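Order of writing sets the chain letters: A, B and C. Residues in each chain are counted from 1.
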Amino acid sequence: MVALRQAWLLAVNDLRQEARDLELILTSSFFSLVVLIMLGMSFSALGVSSQPLAVPGMLWLSVAFVGALTLGRIFTREREFDTLRALLVAPVERVSIYLAKAFVTLVILLGCSFITVLGLTLLFPAAQPFAERPWATAALVLMGCTAYAGVGTLFAAGLASSSGKNVLLSVILYPLTMPSLLFALVATRSLLEGHESFTTYLGQLTATNVLAFVVGAWLFEPVLVGVPQKRSGTARAARRRR
Amino acid sequence: MKKILPIAFLGAAALIFPVSVKTIFLDTPIENQMGTVQKIFYFHVPLAWIMMLLAVVCGVAAGIQLRRDSKRAEAVSIAAAELVLVTGLGVLITGPIWGHATWGKAWTWDARQVSTGLLWLIFAAYVLVRHYGAAGSERLAAALAIFGAIDVPVIYYAVKIWKTTHPSNDVAGSLPASMWAALWPALIALLLTSIAVLLIRVQQELTDVTLDEAWVDLDDAGANKLEPTPAPTSGSGDA
Amino acid sequence: MDATALLSLRDISKHFGRLSVLRGLDLDLRGGEIVGLIGANGAGKSTLLSIIAGLMPPSRGQRLFAGSEGVGRDERARFAVVSHTAQTYPRLTALENLELFAKLRAQAGCHSEPLLPTLDKLGLGYAADRQAGTFSRGMLQRLALARALLGKPEMLLLDEPFTALDRPGRTLLASVLAEERDRGAAILLISHDLEALVSVADRVVLLEQGVIAGAVPRAPDNDTFGPRVRELAGRMPAVRVEAEA
């Protein structure tokens, strides 16, 4: 419970800072808009019959691009001011840091997805079900973005704590999030086509989310600070002393 | 023992391979629809199984590496990841050849094809992070491997579902028992080879670690010698 | 082993691949004592600090804080680190920066000192409601120190705390550290600035090529370190050449 309360404090703190300069929200949503326009221009000639096959891909590719940008930015900021280290030496559960950062990423991603979904609905007639079933769409976007935030936070934090190279973030992120995005893709397609299987797919997506978060939370501390060695190397030390 | 084991495995594989090739090409009937090309199945399927196995081995070893800070596990994880790339390449080359004969199309976005491709990408990312990551990224790479191993079933399932919403191709039907029989020698030979290469690679990595440690020890000894003798007080720092 | 030591490091080594940074280092830190650790660039000061703070496991050796090898949440509540990077949130005010850590501590069941008096003590009371992003480096350093003092830490680790401070700032830091020491805290000051260390430390130790190469206690009668510290200082340039070679 302490971990959850600390996570909440950290998340609120991050959002409060974000509210003061809106850097992440403005840059990420602008980028969403750019991606949306690029997609619109690339696929404007698409026939209505093939649109249900293309629109889900556009949505989740956009989330993938915007997500990588957002995660990179969130942790570059932490690194600029070295605040991650301050949290790591404070009496804060490490898992709380993970949960808080994942939550903030999720909030930003949801904002961006709102723009993307709205834009796709306006641009493509086949995307109308997004507007017709807003709650289903919201649940879908929430679950898809959660998967991305869960996996992404772990690796973005890991890269930020080493003197990392951010190019590696995309290298890691895209292959790893592909399964979740595939689930999201299938769910979106069934939503657009009005299949009942939508809820099943949504459930499966939720299950992968739970898995991603459990593994992510479990690995966060070992990846960021390592685990203290149980063997204190006495045999080696003795050998060295000779 | 460490040197003999890989050689023994390789030797056994060298003995089994000719038997396997003979069984495949001479003893097993030629498949009606696909013809001789179908023979590639006997190499493709074992390679795919070995790849999955190696991916899981890599993930488990990476988990032990993270939790116990074990150099041995780290070596196994590196070796397994690299072999996933090699065997994966084998699978991804033989697959389309077989596919071309079966479906008339090399790449059909079949569930197994796509999931193999995705898995290959994850382990390629692992090798990239290991090579180009900064200090400390070995733990990050380990996390990647763990996610990769956990992803094995998830990917397969995801792709299968994704596939059902696509126009589908008929996957090759069930094979007669004689064909399955020819699969086992090929599997054993390839598995032995893989294990041998894995062991050699692990040994290489461990030698590398030992070498690093020896270097560090030598360096330490050199530094201690360089240390000027008129140390002001007790050298330990206890006042 | 010294049973009275709050922190004891035994045979600590750290290497990154073939680069050996710490080579079997021993160090004890007791409550009520300010230890100044001096070393040239590349002597391993920052690595040592990371290991003491539990941010990095040593390659070998033992780190005991209050008799425990762990660096869990409860242990972290008992020590504080002031890094040379101020580690503050630029978009939060000075008070909010402290507030965040006080609240985090409260959730972990730890007490914190009242915030405004702590800021006042470090001469930041007038800037409590200004965003930290507008602070000078010296002010950020004071803010970081204020944050470290929040929990009355039993052990205080400071990495190059003098660099950004002006003369009044240094005097203030010295008096605050003396106060903490007299309260019973164990303080480790890491710096390459011998003059600054000598002005506050009770014991100066030299970190050279990853080991403690010498230690000089403050003479009890005349309140100075005498010529021995000069000896240490005399060795410094040699270390610097070594590190660069």
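Note that in this section a residue touches a chain if its C-beta (ideal position, glycine included) is under 8 Å from a C-beta of that chain, and two chains touch if they have at least 3 such contacts.
Fair warning: this is a prediction, and the values are worked out from it, not measured in the lab.
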Pair exhibiting more inter-chain C-beta contacts, A-B or B-C: A-B
Chain whose mean Cα position lies farthest from chain B: C
Centroid distance [mean C-alpha coordinates] between chain C and chain A, Å: 36
Geometric centre distance via CA averages, chain B-chain A, whole Å: 28
Between chain B and chain C, centroid-to-centroid distance (C-alpha), Å: 46
Touching two or more other chains - residues of chain A: 226-227, 229, 240
Chain B residues counted as touching two or more neighbouring chains: 69, 135, 220
Where chain C touches two or more other chains, by residue: 13, 24, 57
Touching residues on chain C, where the partner in the complex is chain B: 2, 13, 15-18, 20, 23-28, 57, 203, 205, 208-217, 228, 231-232, 235, 238, 242
Chain A-touching residues of chain C, taken from the complex the two chains share: 11, 13, 24, 53-63, 69-71, 73-74, 76-77, 79-81, 83, 85-92, 96, 100-101, 103-105, 107-110, 131, 147, 151
Residue ranges of chain B in contact with chain C within the complex: 69, 135, 212, 215-216, 219-220, 223-224, 226-228, 230-239
Residue ranges of chain A in contact with chain C within the complex: 2, 5-6, 9-10, 13, 16-17, 20-21, 81-83, 85-86, 88-93, 225-229, 232-233, 236-237, 240
Residues of chain A touching chain B in the complex: 151, 154-155, 158-159, 161-165, 168, 171-172, 174-176, 178-180, 182-183, 185-186, 189-190, 201, 204, 208, 211, 215, 219, 222-223, 226-227, 229-230, 240
